[in-house]
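Written below as structure tokens is the structure these notes are about.
Going by the order they are written in, the chains are A, B, C and D; count residues from 1 in each one.
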Amino acid sequence: MIVAPELMTSHWLNTEQPLTLRDLRGKVVAIEAFQMLCPGCVSHGLPQARRIADTFSPDDVAVIGLHCVFEHHDVQGRREALEAFLHEYRIGFPIAMDAPSGRDVPKTMAAYELRGTPTLLLIDRKGRLRKKAFGSVDDLALGAEIMGLLQEARLQEDGESDLEPSACEEGGCLVPSNGMR
Amino acid sequence: MIVAPELMTSHWLNTEQPLTLRDLRGKVVAIEAFQMLCPGCVSHGLPQARRIADTFSPDDVAVIGLHCVFEHHDVQGRREALEAFLHEYRIGFPIAMDAPSGRDVPKTMAAYELRGTPTLLLIDRKGRLRKKAFGSVDDLALGAEIMGLLQEARLQEDGESDLEPSACEEGGCLVPSNGMR
Amino acid sequence: MIVAPELMTSHWLNTEQPLTLRDLRGKVVAIEAFQMLCPGCVSHGLPQARRIADTFSPDDVAVIGLHCVFEHHDVQGRREALEAFLHEYRIGFPIAMDAPSGRDVPKTMAAYELRGTPTLLLIDRKGRLRKKAFGSVDDLALGAEIMGLLQEARLQEDGESDLEPSACEEGGCLVPSNGMR
Amino acid sequence: MIVAPELMTSHWLNTEQPLTLRDLRGKVVAIEAFQMLCPGCVSHGLPQARRIADTFSPDDVAVIGLHCVFEHHDVQGRREALEAFLHEYRIGFPIAMDAPSGRDVPKTMAAYELRGTPTLLLIDRKGRLRKKAFGSVDDLALGAEIMGLLQEARLQEDGESDLEPSACEEGGCLVPSNGMR
């Protein structure tokens, strides 16, 4: 179980002030890593992030879009371009622009060792990275995983049980198999 | 919070012996009430039931199709018709044929006061009816609700907390708002 | 180029009197061969037939559903079953019940040598079979093919040109490549 | 019936040399007016243009994307941005960048009096504007319309008939009702 690296960003949009994972402790955090010109991000990654934001209370689940530009930097890397994109696609949740590193892959994307976009990250109430899924993610299983993370923390608050969550493994970090196949 | 009425059936398919809610205590039970000639059942109700069966472990979640014939009894009420339907649509989870009542609406459907098909029912590990949703149900929210029911029981086993689940209200029985909007 | 075999039917639904291909000469005829318990027929074959009926004038294109029962005869073969199906799925165009042959495959289906359902047949204004497509058919290409058949007849009426349509080949009968890839 | 205004462009992509409607006389021309940050263009306008290109022979139907930037000029108006977009979305047919006018709406868009994007334009073999459809267009009807335009010219070549195509009317220019509803 690893602590999720802090977000390293150059700008934030759709929020009055920058967010940090540290400040979000106590909530489950869903991060959608995307690029504005990535077809899979537009067709399913970002719509799924919006559904998460629509389904769960913002008091419990924070949804963040992380704009990880690793190609076409001159086009996608411009703040004005991203703003126009968010306006046209009516995306209202907070968006972080991943900080350029001087190499292709920006800083947060490198810290999380992302394969590409879209990638969905889930971070538990204690700030630990619990899921890293590249590509398409099933809604039914995702709803269950998020609720599992929400309840797990409650378990630990209410009782003395200390669930041992599964470690991050090659290919991703998995939630404990609480009834999930 | 009401105890879910026991299933009243005339036949079972896809199972060696009849199932009862009593025997399923300890599991969450998802019941998809359907009719074989109901377009909404074919296009989204039954596919969603299959996704539930594919996503959760059968040790935790039992998925049952309940064939509630309330129209075209002479066609849909025949066991051979339902068997052909299940074969063509490759439906493998257990199917109960709701017991005819002599009136249009069969017995279990009447006991649950269903408005029509498809209707999704969720029953918690203690056998209580927790959700009754007619029509289309969102996958993300449903995944969360099922996991909420799975974990809730664990909460009560592990700790001393006694969550007060919301009562059944007009229009349906809702899961507690564990972070759900 | 073969003349399309006449329909051999046991009953007609959604029409006051039986239709014959002979009487429909002068129109393009689109025949959707289906079975009520065939998933592909329900999900795309019959909806496409409805779209044909909604798009073209009935003075130019006749749409017919041909119920070709080749399995589950005891269930699908009953007129009451088909009537209930048509009612629930709101199918309003004329439906022919293919005449039983005493073998699995009914008479018209055998005459057309259909592989299965759904199969879309197109018959030109002169009564010749011009397309026989099993499975999924692309809407854009289909719209073009139907219009090609509509216009082709007009060509032959208006001018002296005698287009040589392609012969029926193994695997299907194809429309001439009037600009189609 | 109006002659389609010539394209006024600042750049062409995906083609070795600029195209003109004059040079395309003899072919049917399908023009998809789009903007790279327009959600409807990405979800259905451009995919439909690709399907046209995949369905009809390039000898008969020329497909052109017309990038009509009327908002977010600083972002969408840059050639590099459009190139990145075309690369990511794997769009291979020729793309014209509509010439800026100094006002919001670029020159070709103004000449065609387009309401917005996506808009599909169809131009017949004689260079006349025959369809101008804003928003979503049905595939089956579109296939028929394109084939109607293809065959119409052939009619006029082969015979002496001089079809009187319908005039352009308020709201759009419609193909003659050759069997279309």
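The definition used in the following text is that a contact is a pair of C-beta atoms (placed from the backbone, for glycine too) under 8 Å apart; a residue touches a chain by one contact, two chains touch by 3 or more.
Predicted, not measured: the structure shown is a model, and the values here were computed from it.
Novice: So which chains are sitting against chain B and chain C at once?
Specialist: In this structure, no chain contacts chain C and also chain B.
Novice: When the C-alpha atoms of chain A and chain C are each averaged to a single point, how far apart are the two points in Å?
Specialist: The separation of the two C-alpha centroids amounts to 50 Å.
Novice: Need the CA-centroid distance for the pair chain A / chain D, whole Å please.
Specialist: Chain centroid spacing, chain A to chain D, equals 39 Å.
Novice: Centroid from C-alpha atoms only, then distance chain A to chain B, rounded to Å. What do you get?
Specialist: Between these chains, centre-to-centre, one finds 33 Å.
Novice: Would you give the residues of chain C that are in contact with at least 2 other chains, written as numbers and ranges?
Specialist: Within chain C, no residue touches at least two other chains.
Novice: Taking chains as nodes and touches as edges, what kind of graph is this: line, ring, star, complete or other?
Specialist: It is a ring, because the chains touch in a row that closes back on itself.
Novice: Which of the residues in chain D end up touching chain A in this complex?
Specialist: Interface residues on the chain D side: 37-39, 42-43, 72, 74-76, 78, 80-81, 84-85, 87-89.
Novice: Mind pulling up the chain B residues that touch chain A in the complex?
Specialist: 28, 48, 51-52, 54-57, 59-61, 138-148, 150-152, 154-155, 158-161, 177-181
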